[in-house]
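What follows is chain A paired twice: with chain B in the first complex and chain C in the second.
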Partner chain A sequence: MIKPYYAVLRLRLSNGLQYRAAAYAGIGTQFFFGFIFIMVFEAFYAQTSAAAPQMSLSEVVAYCWLKQAFLAFIVLWLRDNELFQLITSGNIAYELCRPSGIYGLWYAKLLAQRLSSALLRCLPILLVSFFLPQPYRLELPPDFAAFLLFVCSLIIGLFLIVAISMLIYISVFITMSPAGSLLMFSVFGEFFAGMIIPVPLMPDWMQRIVYALPFHWTVDFPFRVYTGNISTLDARAGLLFQLLWLAALIFIGKIAMNKALRRVVVQGG
Partner chain B sequence: MTLYFKYMLLLFKAQMEYRASFLLLVLGQCLTPFTVFTGLYFMFERFGDMKGWSFYEVLLCFAVTHMAFSITECFARGFDMFSSLVVSGDFDRLLVRPRGTIIQVLGSKFEFSRVGRLLLGAGVLIWAIMNLDIAWSPLKITALVLMEASGVIIFASIFILCASFSFWTVQGLEIANILTDGGREMTQYPLSIYHRRIQQFFTFIIPFGCANYLPLQYILGREENPIYAFLPLAGLLFLVPCLLIWQIGVRRYRSTGS
Partner chain C sequence: MIEVNGISKSFLVSKRPPGLAHAVKSLFRREYTVVEALQNISFTIGSGEIVGYIGPNGAGKSTTIKTMSGILVPDSGTCSIMGYTPWKDRVSYVKNIGVVFGQRSQLWWDVPVLDSFELLRDIYRIPPLEYRSTLALLVETLDLQALLHTPVRQLSLGQRMRCEIAASLLHSPSLLFLDEPTIGLDAVSKIAVRQFIKTINEEKGVTVILTTHDMNDIEALASRLLLIGKGKLLYDGTVQGLRSRYGSKSGAAEASQLQQASASTSEQGHSTGSLSIEDIVVQMYKEYAL
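After this line comes the complex of A and B, so read on.
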């Protein structure tokens, strides 16, 4: 039952791991951006007059490095042009002939793409950032429980982000223009996820909006669990919410996909 | 030069064929820096100040950078996408034509949708200027215009430099993003907030500091010396080695043959 999906996953994974040189070049870029982000936050935190923010500088630093290391797990703009072309060119007809569900198949493909590009990049970035001089060093999580919860929430977050990006691909069935859908989702999604600034640094009214949306469970939640900014008790409850959102998003995705596929018109070729 | 405008008109007409998609892209180009801007606003709301820089002062910096970057991306996009010309071997066609390579590559692509980012930048610039108490003088206005022009020249030089690398590597390099996107990310804040080494690198090697941070100090009245107003001209100095590398690259270019 699960076997074809697993095969797609493995195939894609080894395919993605081929581009090692590109990954190493990418690591350099990640580091540069990481430093820039941290220095900007550092400049803000140099203000002693401000009321104590809900997040300490070392927590923000950890947040930045984790963001850089797991970029492939959390960005929405990572795209699979092959899938877009399938939809817009009409080759989707072949996919429909396959004996396995198209939702699951694409889900596995997207998951593998993210896994392979993150696996190559995250370890070197994490390793180096553990040994950077202060104040740039990535601190260890406060206790082992926090670390375990971080790993769990990161993995569920990954499943969540793939479920969200599946919605982008499904929307292309309707709009037929990948650029527009991708842009709208990624611009707002990443802001609400806490990619630009961590959620606790936003004003209260904005936080209320953010917490009502699923995006922050993919970025903000796992990273703050790591730093201990979210207590282990809250983190456990958060995991439950993550799972609920995941189930809801996959459910919506499957229904939307079936609807879109029923209307799909393959224009010859 | 007339040739350049002909290229431009042609590509403009071509992009206008897909009007709805074009407008969406313009909107998107406007929104991307808008979220960064919103983040900046929230941060200032919480912290009030950034190492002695007020919100509107940083906004001025932000606006100048984003405007310069969007103008460059609109006009020098050909260099940004240059590696694809080398990979496909299409660069050969440019070489046999009786015109310079630079003007042809420049004319090979225009991204008019970048107007979105430009509009946002211009809006932010006006907003910042209206809220800043600056005693404007002709020299200060000159400085602002020079900053903008110099920013465009530096970004364009970087595009040319990165494009030249693809003569050697064939493939484009992701690491080039450090200079283009990284340069943009970095110069949207005043240079003084960064580590000393980074300040030095981006003032003396890649003269972003001369184009942005130093003349800004003059405009804001933190420095009285009028020489600061003309520092953006240093951007021109950076263009020279980049063009030289480009020429060397063209000379040793070997077609991929496909």
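After this line comes the complex of A and C, so read on.
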């Protein structure tokens, strides 16, 4: 049952692991931005006179490094141009003659792209940031349970982000250009996911919006589970919510995909 | 095996005159024209036939192929292929067909050919034993041995097309759609592809539906011809029938020339003959004002 999807995943993975130079460049960039983010937060924390914020500086630092290390798991702007080209050039004709659902095949491709990209980058970043001087050091999670919950939530978060990005690809069936939906999804989605600032540092009214949307389950939730900012009890309930959102998003995606395919026009003769 | 009944399909095509003023205007009001790609197309094809499907550019050949392979949903009409309705039972239906789009590629661009083949093996769930024997046969008849480990981007068009055809046959389909399989190929590759199509048709009994602009393909392969123009089916019959209707000026010479050509060995046969099938088709296009 799962074999075709696994085969796509494997091939895409081995394909993605070829891009070493991109990975080195990525590691450099992500360190650079990691330091910038932390320095900005450091300055804010030094100047704040209000009551103690809901997140300590060391939690924010861990949040930043995890964000940089697992960037490929959480960003919405990571795109697979091949899939966009399939749609806009009409090569989707071939995908449609395969005895599998397109949704599953593409899901596997996108998953593999993120996996290969993260596998090449996360370890060096994590390793180095564990040995940085204070206040830049990435601290270990408070206990083993938090670590386990973090791993689970990160994995489900990855499945969630792929389910969300599938919607971007499906929208290209209608718009024929990925630029618009990609921009919309990445600007709003990443802000609401807590990519720019962690959700606890947002004003209350904005937090209410954020918690009503699925995005924060992909970034904010796993990283705060890691730091212990979210208790293990809340984290366990959170995993359930993640799974519910995942089921809902895949369901919506599949329906939208079927609708789009029924009206598909194979471009270019 | 195939029953197509009254298939129609139309597309909306957006149109605007050139120039900035019209570009701005079309921001507010788009103008569309309806193009009737297929109008009431009906035919039946039996098992083991090779059918040539011809017509000028934009006649609806590819649209028909895409409808029959379950990619496009027609506006009206029915189609039953091996008991399936292609666009409704797509996933279970496509296991039984192979499709080659001459202008597109199904192989992964950056990885060796064999990787793409193995992916297809897994996607179609081909049992390992069957996969090995089919692959061996395809490698032998299409002469692929030297190409299997080369990344697709480094293959020539002719080499790639041979690999594309092999990729479409790995799961041993009983029906093969070829949409311009010889487009852009040199004489040697063309003949190799034709020979191969003939072989699998004769030995494995694969039904083949072939669109092309190269009348030599048709003469070499197809005993039956469907001619489509402006979305309408204009002719359904044998190549000989077409000749006797349009090329009657030179009866006997024509017949012997056909024999030659259908053996696909003498490519020069009809350039010296009186009225080639190419001329006949042009005549037909003229007659129907295509």
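The rule we apply is simple: the second predicted complex is superposed on the first by the 266 of 269 C-alpha atoms of A that agree within 3 Å, B and C clash if a C-alpha of one lies under 4 Å from a C-alpha of the other, contacts with A are read in each partner's own complex, and residues count from 1 in each chain.
Here, a residue touches a chain if its C-beta (ideal position, glycine included) is under 8 Å from a C-beta of that chain, and two chains touch if they have at least 3 such contacts.
A quick note: this is a predicted structure, and the numbers were derived from the prediction, not measured.
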item: Three-chain arrangement built on chain A, chain B and chain C clash or fit; value: fit
item: Touching partner for A:101 - first (chain B), second (chain C), both, neither; value: second
item: First (chain B), second (chain C), both or neither touched by A:36; value: first
item: Contacts of A:134 with chain B and chain C, given as first, second, both or neither; value: neither
item: Contacts of A:201 with chain B and chain C, given as first, second, both or neither; value: first
item: Partner chain(s) touched by A:81 [first = chain B, second = chain C, both, neither]; value: neither
item: Contacts of A:187 with chain B and chain C, given as first, second, both or neither; value: first
item: Which superposed partner A:44 touches (first chain B, second chain C, both, neither); value: first
item: In the superposition, chain B vs chain C on chain A residues touched; value: B
item: Touching partner for A:91 - first (chain B), second (chain C), both, neither; value: second
item: Minimal inter-chain CA distance - chain C and chain B, angstrom; value: 6
item: Of chain A, residues touching chain C in the complex; value: 3-4, 6-8, 11, 14-15, 18, 90-91, 93-94, 96-101, 105, 262-266, 268-269
item: For the chain A and chain B complex, residues of the former touching the latter; value: 22, 25-26, 28-29, 32-33, 35-36, 39-40, 42-47, 49-50, 53, 177, 179-180, 183-184, 187-188, 190-191, 196-197, 201-203, 206
item: Complex interface listing, chain C residues touching chain A; value: 11, 58, 62, 66, 69-73, 90-92, 94-95, 97, 99, 101, 103-106, 108, 110-111, 115, 118-119, 121-125
item: Residues on chain B engaged by chain A in the complex (per definition of touch); value: 21, 24-25, 28, 31-32, 34-36, 38-39, 42-43, 45-51, 173-175, 177-178, 182, 185-186, 189, 193-195, 198
